[in-house]
Each structure stands twice: as C-alpha cells, then as structure tokens.
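Presented below are the structures under discussion, each in the form of structure tokens.
Okay, so chain A shows up in both of these, paired with chain B first and chain C after.
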Partner chain A sequence: MRRTDLGAIVLFGAAALAPLVVRNAFLLDALILILLWGSLAVAWNVAGGYAGQVSLGHSAFFGLGAYAAALLGTRWDVSPWIGLIVGVALSTGAGLALGYLSNRLRGPYFVLATIAFSQVLLIVASRWRAFTQGSEGIPVPFRPGVWTLGFSDKTPWVYIMLALAVFAYLVQRYLEVSRLGYLLAAVREDEDAAQALGVPSRWLKVAAVAVSAALASVGGTLWAQYVGFVDPFYVFSVDLSVRFALAAIIGGVGTALGPFLGSILITTLETYLRATFGGIGAGFIGIYLIIYGTLLILVVRFVPEGLAGGLAARLVRRAPSTPA
Partner chain B sequence: MLLAGVYALVAVGLTLIFGVMRVVNFAQGEFLMLGMYAAFWAFTLWAFDPYVTLVGAIPLFFLVGLLTYALVMRGVIRASHNVQIFTTVGLSIALQNVALVLWTGDFRFVRPWYYSMVLHFGTTAFNVSQVVAFVVALALTAALFAFMRWSYTGRVMRATAQDREAASLMGIDTDRVYALTWAIGIACAGAAGVLVAPIYPVYPTAGLQFVLLAYVVVVLGGLGDMAGALLGSLIVAGVEVGGSYVIGTAWKEVLYFMLFIAILLVRPAGLFGQRGAERLGM
Partner chain C sequence: MAAALLSVGGVTKRFGGVVANLDVSFDVAPGELIGLIGPNGAGKSTLFEIITGFCQPDAGEVRLEGRRLAGLSPDRVSRLGVGRTFQKLRPFPGLTVVENVMVGALQKCHEVRRARQEAIEVLARVGLEDKADAHARTLSTGQRKRLELARALAARPRLLLLDEVTGGVDQRSIPGLVSLVRDLHRNGLTLIVIEHNMRVITAVCQRILALHLGQIIAEGPPAVVTRDPRVVEAYLGQVYGGSRR
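Entry: the complex of A and B
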C-alpha cells in the first residue's frame, strides 16, 4: 500500500506549496474546501468504510462542532480553539452514545437511527431560540488573530485545513496497518465470525463511531470559523451527511486516499458550476445537486469500489507482481 | 388525527417496497412531492380539481414507478444494502433538485373552492380537504390490503417477500414482481401527494416532513408489515396531536423522533415485526 502514501505525499505537498505560488483567493478557497470536505469524508469513512457503520447522520457531529465554537465565542467570548475541544468532547460523547445504543442495528436500521439523531439536533438547534438563536442561525464575528481564528488572508486557512487533512489521513492509515485495523476489518467483513473468534466487535464499532464523530466535529468547528455563519438547516441537514458519504464513496470506501480524491472531484465540480451559473442561487444549487444525485446513483452501481479502488484494481491487473 | 390516513398511505407504500424488495426507499418523499406538483399544475393550468387529478395520477405514478425501476432500481436489486441505500438517496437528491430547477423553491398553493369549508362533527370542526384525504387514503390503503390478501398477484408478491429463492424456483418472475411492487409503492406516494396538495404548501422539499414521519410509522409497525404500518400511523398521528396539545406544536417533532429512537433501541423489529430482523438487516 505504499502507492497510497506516495499519492498522499504528492497531494498534500502540492497543497502545502500552493499558497506560495497561487495568490488567487478563489483558487485558494477551492483548495481550503477540498481539504476540509476531504477530511470530513474521512470522518465518515472511518465509521462507514473501515467499521462498516454506514451513517447518514454525520452532519449531527459537524453541527455540534460548529455550534459549540460559535456559541462559546459569541456568548462568552471564548476562543474557537477551546470551542473546538468542547465540540470534540460533545461529539465523542454523542458518538459513544449513538454507537453504543444503536449497536445491534444493522443495514437500513442503523441508517434510520443516525438520520433521526441528526434530525433531533436540528429541531433543538432551530427551535431553542433563547440559546441558539433558533432558525436565524449564528453569525461568527471576525476577530483578528491566531487565538481567535480570524485571518485577513487565506494562506493560514490552507495550512490549518492541511494539518487537519494530514491528521485525518494518518488516522486512516493507522486503521489499515495496526492490529486494531485488522480487527475492524474482520468485524466489517463478517461480524458474527469475528465475534465467534473473540473479537470485541461491539466496542470496536462504538470506538470507530466515536473517533469518526470527533473528526467530523473538528471539521464543523473549522468550517464555521472559516465561513463565519452557522445555519441550523445547513449544518444538521441530511444533504450534508450525504455529501460526506458521497465524497468517500466516489473516491473509494475504506481507502485512505479515496475521500480526498472524491473531495477533489465534487468540490471542483461545485466551484466550477458556481462560477458558471454564479448569481442565480436556486439554479446553481439545483443543477449542482442534480449532477451530485445522478453521480451517486451511477458510482454505486458501476464503480462501487470508487476511484481509488478502481484505479488500484486496474494497476494490479496491469502489473500482477504488485503487492496488493 | 385525520392525517393518519395519509401517513398510512405513504407508510404502506414504503413498507410494501421494503417487505418485498428489502430496500428502504429514501426517495419515497420525493414521489409524494411530485404528486403535490401534479395536483398543483393540473389545478393551475387546467383548473382540474385535485380529486379529479387523483384518478389520473395513480396510473401516471404507477408508470413513473415502472420507469424508475427499470432505469435505477433493477441494476441494484441484488446489490448490498449500502449500494441500495445510496441509490435511493441519490434518486431523492436528483428528483428534489429537478423540481427546484424546473419550478423554483417558491411555496405554491392549491386553493379549490371548498378549501375553507369546514365540517362539524359534534363540537369539533374539520377541514373538508382533510376529511376527504383521510377517507380516500384509508380507502386506497384498504384496497391495497385486499389486493395483497386475495388477488393472485398479491399472493405472488407475498411469496416473493417470504423467500426470494423459493419463489424464483416456483417459476415466479421475481424481476416482474419487484417492478410491480416498486410501481405500486410509488403510486401510493403519488396519490398521497395529490391528496395533501390542498392542505399543505407545495415546494421541492415538501415530501420530507411526510416521509420522516412515514419512517417512524413503518419502524413502529415493523418494517415490511402492512397492518403494522396502518396501526403505526394511528399511533403516530395520536402522538402528534397529543404532543402538540401538551408541549406545543414547535416541539412535537422532537417527541416522535424520540419515540422513533426509543423503538429502534427497545424493539427495532417494531410492534409486530419479526424479532431479530434488525440484526440481520433484513
């Protein structure tokens, strides 16, 4: 699997060098979003790909992270870094609870439980006016400085998102090569057999969901600070959860580089369409999402192993001596 | 409480598709939304009353169902759960946004002449459209029950639901059964959409509120269990009314999602479903 690391080094290296060469704010914005959505797809992939716990409620953790930092910042003037940690704590707790409680559920039942979970949070965030400002959402004030995550330039954001992306990538690689990773693979492929062999399948799945939740929460906090606004109907939406899953599925479920490849593809598509149809809000979003839905149907049908999986299979076929 | 009929119709379609095909259709709400638009356009362009539209809408959505089955579902019917889930999710996103691009996100209303008419039963007053929606939805649900129970085709469908392999060995063309099941399920959603058009605003994500409820109903009654879905919709409608009375309309949704999660945790197979179904992901 060295090929994956080589790809990752090229990808992240290019991202690290980009701000030195590119000064165009539009392109840097695209790069930041590619890294961010890629990391969030990783978060989904840890649960959905490596542990086989397919969720359509991951926006719940993203939203918890976004709200934790935004609320602490606007109400008590707390640094978003502390907000980030609080968000991670909340999401890990919620992930443990969700993972533990819905542990026996498989297939569609688990998916339905995760959707319901994110919907409950959406209702609380949009109806609890006194605390969350309800459906109006929360504007995140711009306060310059590293401690308050306010930058007049895009460059620091590139490196912050890059750090997150590299960390997320390493988490996945750990899940591929460590003992823990093999145990997870065993649970994913055949849970009953794994359990019979003494693999603590229950705890592994719970742990994977919790780690995945923590990662999604970090992404949510950073996204809210970068964009500067938290809208409950966006951050807790099912569409957002699908987006995380989609990037991972297109890129290759259960592969370390896949989520980033998927993110490059869909973020570029989105940015391109935004530039082309810019201005006409509904038209742009609609066309983008039609393509996105159609792409999802086509990919799961014809290339279920995704870009990374498909490429790897082709390379292996071409050179049979390559170790898989 | 009268909405129980509509919930039942949506939920029965959903549970039928799940029961026979083992697919959770995440796009069910979008077909309901398309039904609402069908009623809206027929009313606006040709001044067709929604109940006239209903007669044409059922075969129309049946055809739409056959078409989407052939184009989208046939290829994934034997694939894993995850592939099926994401296929219907993709279908849902695509349909929602086709509506958004074609008809914008504006709220639209169907206002037939009887729209503000009220019927009195004792001391309570009911909107006419709600009463009609309730009665017609229950009648359609009952017709579907009868079809499944007594017709030859219904028996074939139930046989396929019980054991796909055995049915196939008995000479049942399972592909045709699936196409039929899917089309009937979609027709239920389309009919429900036409029925609620005079009551609710029509917009591209209008289906979501009904389908989320339908999931609650279906899980409550046991995924795949049609009688369970009917009883489940009564319970959910009751909880909804009771909830808005006790804790206010703003929070009633929390109540039924809590109910939903509680059922998933305590008895995921539903009130009438087979125990252990959730473990197999059946």
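Entry: the complex of A and C
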C-alpha cells in the first residue's frame, strides 16, 4: 500500500462517517461539493496531468452531462440515471473528437481548441431556445426517489458523490500502476521518444481525453440533479473549466490525491467567500478571481509540485529521522 | 546471400530547397553492423528519421524483411522491431531511470512487475543499475546516453539504429560503450550506427556507408572507405588549389 492510498482512506473514510456525526446542512453541502469538484478535478487530471493534454474547456463535458439528464428528464420524463449514461455517451464522443484534434494541435493550440469547443456549446445551449430553453436555463423538477435522484436529505448525496470520488480516485491509481499508465506517462514526458519505443501515442491521447470527458460528464449530471438547475452560462463557462484545472494544479498535477486536496482548499475558500461577501453584490464576488490568482502564484512559487507532491516530499525528507 | 533485413531503395528527401537525401539505396543483412559516416549535414540523421517512420521520404521506399514501411507511424515501425536512439537525447525527464527503461520493456512485456525486472537487467548491462531510482533529469550526458541505449534495448528490437553513441561522452566511458555495441552485435542484433569517432567506427564496423550532401559517396570495409579520396575530400574539403567542379 502506498502513502497516497492511506491518505485516500483517511479522506474518504472521514467523508463516509461525516453524515453520521454532522447534521448541519451547510457543512454537508460543503462536503458534497468538495467530493464533486474533486472528482471533476480528477477528470481534468486524467487528460491534463497523466496524459499531458491540458484542457481549459472541460466545462463542455460537464455541461453536456448536465444538459443530457436535465433535458431527458424534463422533456421525456427519463430517469437521470439514463440521462447520466446518455451524457457519458455524448461526452465520450465529443472527447474522442477533441482528442483526435490533440494529434493535430499541440500545446497552446490544443488549449485554445478546448476553450473554443466549450464556447460553441455555450452558444448552442443559450441560443437554441426551442430545445434548451435558451439562456433561461432548465429547472430540474424535484421528484422523490432514488430512480429520480430526489432526496429530502443531504445524506444520500454525500454517498453518491463519495462513490464518484472513490471511482475517480481508483481510475487515477490504475493510471499510476498499470502498463497503460506507464505508456501514458511516456507520451506526456516526450511523445517522440515514446513513439520510438513503440508506444501508440496518438491512440492513447485520444483515449485519455475521452475517459476524462466521460468522467466530467458524470460530474455534470450529478451536479445538475443536486443543485436542481442548469444555467448555460454557468455549466459551459471558462470559469468552471479553470476551476477544474486549478484544483488539480494546486493539489498536484498527475497525483491521485492532489485533485481532492486542491478541491478542499478551493471549495472551502469559495464557500467561505460566498457566505461572507455573497450579500454585498455581484460585483464584489469577483474577489474570488483575485484570490484564485494569488493562490496559484503562491503554489507555483512555493510548492510547484502541488499540495500532494509537497506533502509527500516533506514526509520523505522526514522519514529517515523516524525510528524504523 | 541471405535476404536483406532492411532494404532502402532510392530514398530522396527535400526540405524546401535543401536536399537531405538523394537516391540513397543500400541493404542491411541480418546480423550486420553498419557504420554511417559523413560530415555535419550529410543527411545521416534524416535517413534515420525516414527508416524509423518519423519522416516520410519524397521518393523511394524502405522495406523491413520485404514489408514496405511507407506511411506507417513511428510506433508501428518500432513494434515491427526497429529501435533507435536520438542524437539529441530525449529521456523522459519526470520518470526515474528504471521507469524510463520499463516503457521500452513494456512494448513486448505486458506485465508491469516483469517489465521492471527486465528493465533492471538491461540497466545492469549498460552499467546504470545503481542509478535505477534516480530521476532521469539528474543524469549526466554520458549516463543519459546509456539510458537511451538501455531504453531502446529493452524493447528488444531486431534492428537498432544508434545516433552518435559516443558523442558528448567522456573519454573513459567510450571503451565500455564500444564493447557494449560489440556484445550486442555478437548476440545477433543488427545495427546501424552513426558515429563521428573514426577510431570507434573502424574498430567495430564491418561495412561503412559514407554520406555527403545526401548521397552515398563510398561504401565498403572501413579501411577502404576511410582512405577513399572522395570521403577524405568531403571531410577536409578540396585540396587547396585543386580545380572546382
């Protein structure tokens, strides 16, 4: 067992026990969001961290997942679980297309393509009034039951998000210890050298982006069902994409626990800011951008390998002094 | 004569107005160790790029055991058994030395634990086993060179293209690398080596190809090729006062 697994057991174990002890809805809401944004940071990390395909358009897949379930539910009365699967199918398809682009566009050009992709979806969702109700967004009706994902209590949501988080974590661990993971790391480190060793880099990049997209889509579906409203300007926003990336970068790019550590920091900060400044006016809420920026600079300056990496390095350095 | 393992026929490659390779043809028999020499810009590395699929020729073709390699991606060519090292070294900087080599080993071996074992064995052959857990970016140039060789070997190629094995390596390490190349050859590996160190190339190669301005100007045993007036001229320039073409 690795140290990161120990950290994960502590983290996820605490989350599993929390609803038994904590009754405060505000705190449980924060926990749900930490697990959700953490899983979405994982989704970003699979493409950006493990495969080296940096995207700032992952809100596209989040939005596809959110819309798929919301539209199917409100228009045809289909269960959000089916919506989740449809969203995954759509996002995987879109991910394959975008991943294919990554073989044509490298580095910053790929990043721009991902941003453009999410903005195209934003335009479609906000203008196609007849189908998506345009910029008004879609309220998700509350219907009690597991099949319809309607709960009067926060506890089931904690466990649903926890299941997503654990699954996301395991995907990353697989990418660290499996043959596939080593090949992917080679592609990230030096694509030409990887190809010279027989690594099918083109195919691997496409697959990584597709898996990443599918995971982001699941997060989008669950978020929409939890919050109960889909707003195109939120779900397809660059802000959201940046948040996924930021949580993973602050936590530690290409580490399994990092995205969750980043999510704890960012989600807590945001919840606090919203509670503190929320009432004053929309203009002032922009302060979180300043704080994100500052945070990013501090992390890059002092722990460039991210919270998970920095923590690990510190533990390793201390290791020899502890008695065996 | 046995059927050629590698057959290069009429390969031509232009970059804009620059001719990198012009009608280059040669065969490599299984088990041969061939040296590729020529002054800077002669087109040696381009030829490697073409054979390994990193670059497509404008004309001509490359065959591996009769199979055309045209249009195949570099990773396909590698999986068919053609390994290579890069002139400008390209280790995976964020991975450890053993992980670097494991990527090569994982081409044929699908089990991570066994790949690690194989990687350690290959590292021992190139004398890097004590560096196994170091990060690749911490290695010296000579060590990186050996790492690159180990990585290519771990993929168990049938044909290995080495781009400047001894270039940038300190003098003391050269004999070790030379004897390693000889060992590989003795164990049946077919090799093409680009090399500037004439002493090395005459010591290990049976046959030398000399490239100049993209064309093969001489071919044969080391003793003959290195004395060929065209080769001498290519390296040293024309004899002062001689007539210009």
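Everything that follows uses one rule, which is that the second predicted complex is superposed on the first by the 312 of 324 C-alpha atoms of A that agree within 3 Å, B and C clash if a C-alpha of one lies under 4 Å from a C-alpha of the other, contacts with A are read in each partner's own complex, and residues count from 1 in each chain.
As a convention for this text, a residue touches a chain if its C-beta (ideal position, glycine included) is under 8 Å from a C-beta of that chain, and two chains touch if they have at least 3 such contacts.
Everything numeric in this text was worked out from a predicted model, so none of it was measured.
In the superposition on chain A, A:Ile297 contacts chain B only, with no contact to chain C. Taking chain A as the reference chain, the count of touched residues is higher for B when chain B and chain C are set side by side.
After overlaying the two complexes on the shared chain, residue contacts for A:Ala194 are found with chain C alone; chain B is out of touch. In the superposition on chain A, contact of A:Tyr182 is made with chain C only, not with chain B. Once chain A of one complex is fitted onto chain A of the other, the partner contacts of A:Arg202 are limited to chain C, with no touch recorded for chain B. By the touch rule above, chain C contacts chain A in their complex via residues 52, 54, 73-75, 78-79, 83-84, 86, 90-95, 99, 102-104, 106-107, 110-112, 115, 151-152, 155. On the chain A side of its complex with chain C, the touching residues are 177-179, 182-183, 185-186, 188-190, 192-202. Those residues of chain A whose C-beta lies close enough to touch chain B in the complex are 54, 56, 101-102, 104-109, 111-113, 115-117, 119-120, 123-124, 127, 239, 242, 245-246, 249, 282-283, 285-290, 292-297, 300-301, 304. For chain B in complex with chain A, the residues that touch the partner chain are 18, 24, 72, 75-76, 79, 81-83, 85-87, 89-98, 100-101, 104-105, 212, 215, 219, 223, 250-251, 253-254, 257-258, 260-261, 264-265, 268, 278-282.
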